[in-house]
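In order of appearance the chains are A, B, C and D, and numbering begins at 1 in each one.
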Amino acid sequence: MNLLDPQGPVAAANSTILVDSVFIMLAIVVPTIFAILAFAFWFRASNTKARFQPGFVYSGRVEMVVWAIPALTVILLGGVAWIGSHQLDPAAPVPGTGSPVRIQAVSLDWKWLFIYPDQRIATVNTLTVPAGAELNFQLTSSSVMNTFFIPQLGSMIYTMNGMVTRLNLRADNEGKLKGMSAHFSGDGFPDMMFDVNVISPLSFPDWVATTAKTDAVLNEESYKKLMQQGIEKGKPTYRLEDPRLFNLIATQHIPPGPGPELMSDAGRPHSGGHDAR
Amino acid sequence: MSMTATVGRAHADPHHIGVVVEHPGPAPKRTVTAYGFWVFLLSDIVMFSCFFAAYAVLVSQTADGPKGSEIFEQRNVAIETVCLLLSSFTCGMASIAADVRNRFWFYLGMTVTCVLGLIFLAIEFREFADLVSRGYGPSRSAFLSAFFSLVGCHGLHVSAGVLWLLTMMAQVFAKGFRADVLRRMMCFALFWHALDIIWVGVFSVVYLLGSGV
Amino acid sequence: MPAAPTVEAMMLGKLDWSAIPFDQPIPLIAGGVVLAGILAVLIWVVVKGHLPYLWHEWITSVDHKRIGVMYILLASMMLLRGGSDAIMMRIQQAIAYQSQGYLPPEHYNQIFSAHGTIMIFFVAMPFVIGLMNLIVPLQLGVRDVAFPTLNSVGFWLTATGALLVNLSLVIGEFARTGWLAFPPLSELSYSPGVGVDYYAWSLQISGVGTLVAGINLVTTVLKLRTKGMNYLRMPMFCWTTLASNLLIVAAFPILTATLAMLLLDRYLGFHFFTNEAGGNVMMFMNLIWAWGHPEVYILVLPAFGIFSEVVSTFSGKALFGYRSMVLATMAICVISFMVWLHHFFTMGAGPDVNAIFGIASMIIAVPTGVKIYNWLFTMYGGRIRFATPMLWAVGFMVTFIIGGLTGVLVAVPPADFMLHNSMFLVAHFHNVIIGGVLFGAFAGFEYWFPKAFGFRLDERWGKLAFWFTFSGFYITFVPLYVAGMLGMTRRMQHYDVAEWRPWMIVAAIGMAVLSIGVICQIMQLVVSIRNREALRDRTGDPWDGRSLEWATSSPPPVFNFAFHPDVRGEDAYWDMKIAAQQQSLEHEEPEYHDIEMPRNSPTGFVCAFFATIMGFALIWHIWWLVILGSLGAFATFVVFAWRDHDEYVIPAAEVAAIDRVNLEERRNLVSMAGAI
Amino acid sequence: MSDQTHMHVEHDIAPGDEEQHSVGERIIGYVVGLGLALLLTATSFFIAGTDLVWQPSIPVALIVLAIAQMGVHLVFFLHITTGPDNTNNVLALAFGLLVVFLVVGGTVWIMSHLNQNMPPMDQFIRMHS
């Protein structure tokens, strides 16, 4: 999951900006740290060779330089930030080969549901995508906030109930990656890790066909069961009954997921996360 | 070190440009107290600004409930506004009376201020009670939540002001126009006038602009 | 509630026996130990007959020095609590690889929430407020702060907040939402317990205390300065105090309003941040960070001030680029209100907004960088004595630059898209808060301890404490930077990724080293108190200081200065010393006058007592007690307003007797310095 | 905050206090303030309810009138003026107003962007059905 080992163009650009920024800053930070240590060492009271200059408390030239160095650095980095924010806006398109794959991601209490509306399938805690194609994500949440993040593919984005965020990514190489929620969402939060299978564009239709043969059906009813608080250890797959399911969730036609069940009125409620262990 | 203090030169320099005067030392207690309270009022206004911001964000989130134009009654708001403006005036009269140590005018000014404040509160309370009874309570929609909190927060401040006002009257009754009582009276007047300023924001943004949404 | 409430429900609200976590040994034992400790201290105090002393000299004291010391004491105690939370978290993450570790999620989640809340609100805040309270009036040459009684109210309300947070250990639970309690997780539907209520009410109550402290210090700096203390002659610490307290006054109301909205949602079914009825969770993020970002500068600006004093004193030079420093401080004060969106770049606000706030955030790095360079050039040409405060200062400069680097890095939106909420971020803000605020607090503690108590701290233990803390900090947080680069996100109770594990183990070892640093700090205190006679500071000026706090004795008399000092320039006390050496102190006896000082008052303590009752009752929905508590608090203020005598008089003879001793010591000091 | 500002500290006055005026002058001040405030209030209410004004300009007019009225209150009731004796009071006010402006303006701006990028549900239906 190394951020410096990107597997897609977005992550590659993000991590390049990250590394560049670090080096730009190191160029002044390292000399400054060195100067601090050197001055502190040389001007120690016991060093008789150092010249004591108690009157050196103002110098217009030094002040100029002192304001200029950080200002110039910030102007440079500000430029990087401006261009970077625009080019790497999560909603900006990421052209790829073949037709884009639409994926609707829903963060549930404490699992991820991935709906492929065009393929009429859905998966839980596994995201399977073809290499090289543009991935159009629409994201929402069934209850609390989460953040959708696949470190090696780049940019993360929040998921919120009643709202739809957008994110475009691309995975360039086949292989297995990991994704997660990056925003704390309750007791089952650490179990919101999910697998990302990047497969060849040729075998993607096969995978879709196999998945579509699943017995389990995802409709309003089974979704409501799925959104109860709890941890999903398996990786179930579904046939999608109605491709508009995501819209129903995002527009709150399906009401937000329930919270923990109350065992008693007092202090400490029990949550699904508790039982799932 | 800039020690070119010349008080004489200040006269030749009516705008006090280019003269450095030594800081004269701690300010008198009245100034210190009022300034501290002034800073408090500013922080209170910042708090109100959050409720204003929340109202601005949530004003269109009616969740199929009523809109502002459907529930606001301009006539009531106008009466409330006039009450508060007049009470600001009478509060000013009371503080002048306190400064010249005239008990009669002080009590009269404070009593009228109190009555006007209570009328304001009564109208506001009736408006709230009416809305709740029609099912348009604060839990009906985000818009109504923001409305009730902003206007209610101002109402709570007015209630606290009335409580303070009565305490001030009791203090003048028991202690007379003592220096610390006068300082508190000054803070109270600042508080009451500041509530009026906030109300200007409330009736403009909530009731007048909000009816248009 | 449709059903008619039972008598029990009316009397006790939500409270019943199940609120005590009998099934959770760790918090119960921890809480029990703390309670037993408090009881033991109380019993000791009563049996030994110290209670009247405590009551008259400390609890009801309105002396800014006493209140400052109590603030710092509170912060130190809470540092131990927050620190033990940190140790538990580091151990959990070191062992919770492919297992549940030893802390179940509901417990682990409370711990990290409490850790953040306590460290920010009840360690960092009271520590810096305590130092400002203790020192700023001395540096300004005045006898007390602007509103001494309110100062005491402010402290006790802060203590109330801390008490409520710790009460949640044994009665009920604390929030399991993280230290900012983001909705909708913190809304009633997803957090039905009392944890979030404990969180919100303790912050509301202590927030009032903080606001009072802020108003007090702003007014003190702007209105009470001694004669000749022009703005551009104030010591740097006073400037940063002014900036920091302006931020408190402007930012804390935002926190109050935001938490009020959350509480209205939870208590009265409002819809500010709920999923239903048009509530908007993004607005919570927006408002809380509009407070949260200035908060960072509220904490770090006083630390900058402390380092300015320390670096200048121990380099034996005036501060380099004083005007530049003032400008930088005030620039930070204003710009810090324009950057808050960088805490949620990843919420999807669009490129223009992200870029503008990203750049605004970087702009803050400019004045901060200027400060670093000014300290650097203060050292240049100096004669640096490496006493413990100076060690902390140099350690800070190095550490803070690294924190600044990673800070600017996460201000670049595309980089933040990968680092947001990661362990990298956790490492970054610990880097600036430990490396900036905590190092600053320790430097100030070591530097001003002799002023507050009249004896120095043991240097050997102090240096040990520095080296352990300094290296422990790096061993703990560099691995977290690495873990963040490996994609690890924060607040993980357990994880299955093998590559994270070694770094978590190293971080846990670092935590152990850090703990040794804290133990050394405690040892330093113990050893110094034991050797206090040997370490006694008779001169009032143990470090060859430059500002006015060193012009009075250690500890200062209750009135601080027999005369309001007349200031003629920057580095007021330094100028006086030079003048005194040249002319030798005039020997004629000055004419002493009576001094009026504010009387002690139990208002603060009583008010906090009622606030505690009210807060507890609100948390548990015990409405009659809420009414009782608020009436009590109001009555306290009315009783206070009714008193006839605010002040007592210290007769001139007593002032003279105290001041003569001080002057004598000072003459000796000057003549000794003259001889060298 | 230059050296020039604090030379006024010498005759600094408290917010709310006036410089030496006779009682009559002070009362007249309040009367004038009340008159102006009532006039501005009446104008606000009139504009909000009338058809004589170009409708889209009403919000702007209301905001301007509100600001004007707040100014009247500040000057005539709270006695905040630009005089040298008021410098500190005005500076505090300016800082407060800056923060209010940043918080309200920033919130409205940020939230409108967020809402635009994350269409709340009704707009979403329109876009996708």
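The working rule: a contact is a pair of C-beta atoms (placed from the backbone, for glycine too) under 8 Å apart; a residue touches a chain by one contact, two chains touch by 3 or more.
A quick note: this is a predicted structure, and the numbers were derived from the prediction, not measured.
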item: Given chain A and chain D, the chains that contact each of them; value: C
item: Nearest-to-centre chain - CA centroid comparison; value: C
item: Which of C-D and B-D has more C-beta contact pairs; value: B-D
item: Length of the line joining the C-alpha centres of chain B and chain D, rounded to whole Å; value: 13
item: Chain C and chain D, separation of their C-alpha mean positions in angstrom; value: 34
item: Separation of chain A from chain B, taking each centre as the mean of its C-alpha atoms, in whole Å; value: 46
item: Distance from the mean Cα position of chain C to that of chain A, given in whole angstrom; value: 33
item: Multi-chain contact sites of chain C, meaning residues that touch two or more partners; value: 222-223, 230-232, 250-251, 254, 276, 280, 282-283, 287, 290, 347-348, 350, 352
item: Chain D, residues touching no fewer than two other chains; value: 3, 6, 88, 95-96, 99, 103, 107, 111, 117-118, 120
item: Chain B: positions in contact with at least two other chains; value: 2, 20, 23-24, 27, 31, 33, 35, 39, 42-43, 46, 50, 53-54, 57, 61
item: Every chain pair meeting the contact rule; value: A-C, A-D, B-C, B-D, C-D
item: Interface residues, chain C side, partner chain D - complex; value: 222-223, 230-232, 246, 250-251, 254, 280, 282-283, 286-287, 290, 330, 334, 337-338, 340-341, 347-350, 352-353
item: Chain B - residues contacting chain C, complex; value: 1-3, 20, 22-27, 31-33, 35-36, 39-40, 42-44, 46-48, 50-51, 53-54, 57-58, 61-63, 65, 138-143, 145-146, 148-149, 163, 167, 171, 174-175, 180, 184
item: Contacting residues of chain A [partner chain C, same complex]; value: 1-4, 11, 13-15, 17-18, 21-22, 25-26, 29, 32-33, 35-37, 39-40, 43-45, 50-54, 56-59, 62-63, 66-67, 69-71, 73-74, 77-78, 80-82, 84-92, 143-145, 147, 149, 151-152, 154-158, 160-163, 165-166, 178, 180-190, 193, 252, 255-256, 258-260, 262, 264-269, 271, 273-274, 277
item: For the chain D and chain B complex, residues of the former touching the latter; value: 3-4, 6-10, 12-17, 23, 26-27, 30-31, 33-34, 37-38, 41, 44-45, 48-49, 58-59, 62-63, 65-66, 69-70, 73-74, 77-78, 84, 88-89, 92-93, 95-96, 99-100, 103-104, 107-108, 111, 120
item: Chain D-facing residues of chain A, complex; value: 91, 160, 162-166, 244, 247, 250-252
